[in-house]
Amino acid sequence: MSDYNFAYLDEQTKRMIRRAILKGVAVPGYQVPFASREMPMPYGWGTGGVQVSAACLTPEDVFKVIDQGADDTTNAVSIRKFFEKTAQVSVTEHTKDATVIQTRHRIPEVRLTEDQILVYQVPIPEPLRFLEPRETETRKMHALEDYGLMHVKLYEDIARHGEIATAYAYPVKVEDRYVMDPSPIPKFDNPKLESAALQLFGAGREQRIYAVPPYTKVVSLDFDDYPFDPSKADYPCALCGATESYLDEVIVDDSGGRMFVCSDTDFCAGRQEAAA
Amino acid sequence: MIEVEGLGKNFTLHNQGGAVIPVLEDAHFTVAPGECVALTGASGAGKSTVMRILYGNYLAQAGRVTIGGVDLTGAEPRTILTLRRQTLGYVSQFLRVVPRVPTLQVVAEPCLATGQSEEAAVTRARDLLSRLNIPETLWSLSPTTFSGGEQQRVNIARGFAYTYPALLLDEPTASLDPVNREVVLSLIEEAKANGAAIVGIFHDVEARARVADREVDIGRFTPGRAA
Amino acid sequence: MTKNQNIPERPPLLEVHDLTKNYGARTGCADVSFNLFPGEVMGIVGESGSGKSTLLNCLAGQLEADSGAVMFDTRADGPRDTRLMSEAERRMLGRTDWAFVHQNPRDGLRMRISAGGNVGERLMAVGARHYGDIRSAAEDWLTRVEIATDRMDDRPAAFSGGMQQRLQIARNLVTGPRLVFMDEPTGGLDVSVQARLLDLLRGLVRRMGLSAIIVTHDLAVVRLLADRLMVMKDGRVVETGLTDQVLDDPQHAYTQLLVASVLQV
């Protein structure tokens, strides 16, 4: 046993966070304030997600961390190691095997199940923030469902670019009530927000937690004549050949050579193994 | 049509030691439909004050003014505005218009305000402007740029555009050339023939003799005179 | 055009009873009562600190009055006291039947959003979800306030003061409100720009049959726009009446002073 309490945070803090999570589950899409703690990592590195994960983990859980779809980037590796050390939970890179998945900016390609929890790291939880800087006002707007401004943003996109150019952090309406920022996931992932798994969102710096419970209605905002389009790069994955997965563009040399590969490394590796 | 009873008017100058200047006392007269009454009296006798009270522009301190069955004394602003729109026309000596509005529109407005069609209102406006010899090239311009005489004629055209049952005329022929003076006099005669009750101030004695049926000397109502 | 003939028969659009607002020991406005009828334009004049802006903000629900009632004739339920409405209901009024034109266009516009987006916001706020329709409505309104449609995708920050003010008006009128509150709508504009704006406002108010309450210290503005006047001093109404009557034959000492203080040109 290390010198840390299980999963780093003390029990009182975890209870406080769990209460916030429960409230979030009870009011889907509503941003619940919570007393975010200092974590041994800088803001922007997933302090919100880590606190939510810490409050959810049990010794039996199998933990997975992805950063932009990948299990092997610095952020993912260090958070995984953090909980290996402070909670001694087993970890995995396989989506199917994980019970708690902390993610930054992606939803796994594999359909999640009722036995899984997906924890998002959220930089700015307020979808209205860039349109209305006053927190007092955005809270009122949520309370009164005064969401015209959200469509103004989409209107501006079309006026400027001829289409809704918002490609990530695409705003959604949850259960016909709250407009929510799904964190900076690509809009390709938006349809996957309607899921069997419990989805929790943690913003450490902004001190907010919100949730999308299993099987909750999540609608991406759009216009009748400019419907939501979860587009992606129009290529197959260069490694596994998948045509239905979200792709990263990788520059391979100095002369502009590039390739498109699955962003979800576990999904891609699984397909390659199956093919081999 | 127009009934004035016991009309009294003072001006209280609060900012000059509260001086009270009595202007009218127990003024009374009536005007029947189709009749033209000329107000006479020396300059300063209160002719313009009476006209302004009749139009609801000045408040009277005593008495009653009834026009077309509407009691002006203590009437709500909207009652007076409705009266002005539908019953009571006023040709003042000065044209007061919004900058930028074309002359044709200025003249057509009274008819439009009573709900006439755009076409009828504009036709009437064109007719009057031609009769009053305003060159057609000016119709699309704002009258604010016109000469004094032209402005006066635009004002008259506007005042006669709608056939009001009651009309107030303040020096309608002043500063007009003989041709246009003749046009204005015939307009007044037409209004009378249409049954309008008219109250006018005419310094032009010939004009007064021609259109007025009666004269009312406002000097009689100057306070202190009777005593 | 029925608005002109039927005014006396229709119930008031706004009935204000004894509206009072104090700032601590200081009076904002006190015991203000009046009725505003459909199609009527009322001017509120008075010098700075006379309480006219406080009154306007209390009427428009932007400031909470201490006592009194503001009854608005709602489309659905008839006259209702807006002071007792929920915030949600008041906001709904604020983006449908009411409009508020601020003196400073920066207070009434979103400076980082295109002109078209500014006009479209109210439509989207009440549920418009067809981009093409929203855009053509915005285009129509920009034309009505004399802003070239090729400026539609520019931000208001790039507009002149007069254009910004006209944009603010378009943004407010696009949902066809019945009551417009205006706080010094021509303040801070050049005289030539003022004239154009006044002409525009006057045309819109008359054509749409709008009721309006205009707060200003500029008597020329009310003479042109307002049917009737309310003169305020130290938070109280000292004189009311037909606009030209109040200006040409003022009864109260303060009104006489106000009228006499205007420079003649």
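When the chains are written out, they are named A, B and C in that same order, and each has its own residue count from 1.
The definition used in the following text is that contacts are C-beta pairs under 8 Å (C-beta built on N, C-alpha and C of every residue); 3 or more make two chains touch, one makes a residue touch a chain.
It should be emphasised that the depicted structure is a prediction, and the values quoted were computed from it without experimental measurement.
Taking the mean of each chain's C-alpha atoms, the chain whose centre lies closest to the overall C-alpha mean is C. With centres defined by CA atoms alone, the chain at the far end from chain A is B.
We define each chain's centre as the mean of its Cα atoms; on that basis chain A and chain C are separated by 46 Å. Averaged Cα coordinates give chain B a centre that lies 32 Å from the centre of chain C.
One finds 76 Å separating the Cα centroids of chain A and chain B. By the touch rule above, chain A contacts chain C in their complex via residues 131, 140, 143-149, 151-152, 155-156, 158-160, 222-226. Looking at the complex, you find that chain C touches chain B at residues 1-2, 4-5, 7-8, 37, 40, 195-196, 198-199, 202, 224, 227-228, 241-245, 248-249, 251-253, 256-257, 260.
By the touch criterion given at the top, residues 87-88, 91, 95, 110, 113-114, 116-117, 120-126, 129-132, 134-135, 152-153 of chain C touch chain A in their complex. Contact residues on chain B toward chain C in their complex (touch as defined above): 11-15, 52, 56-59, 77-82, 85-86, 98-101, 113-115.
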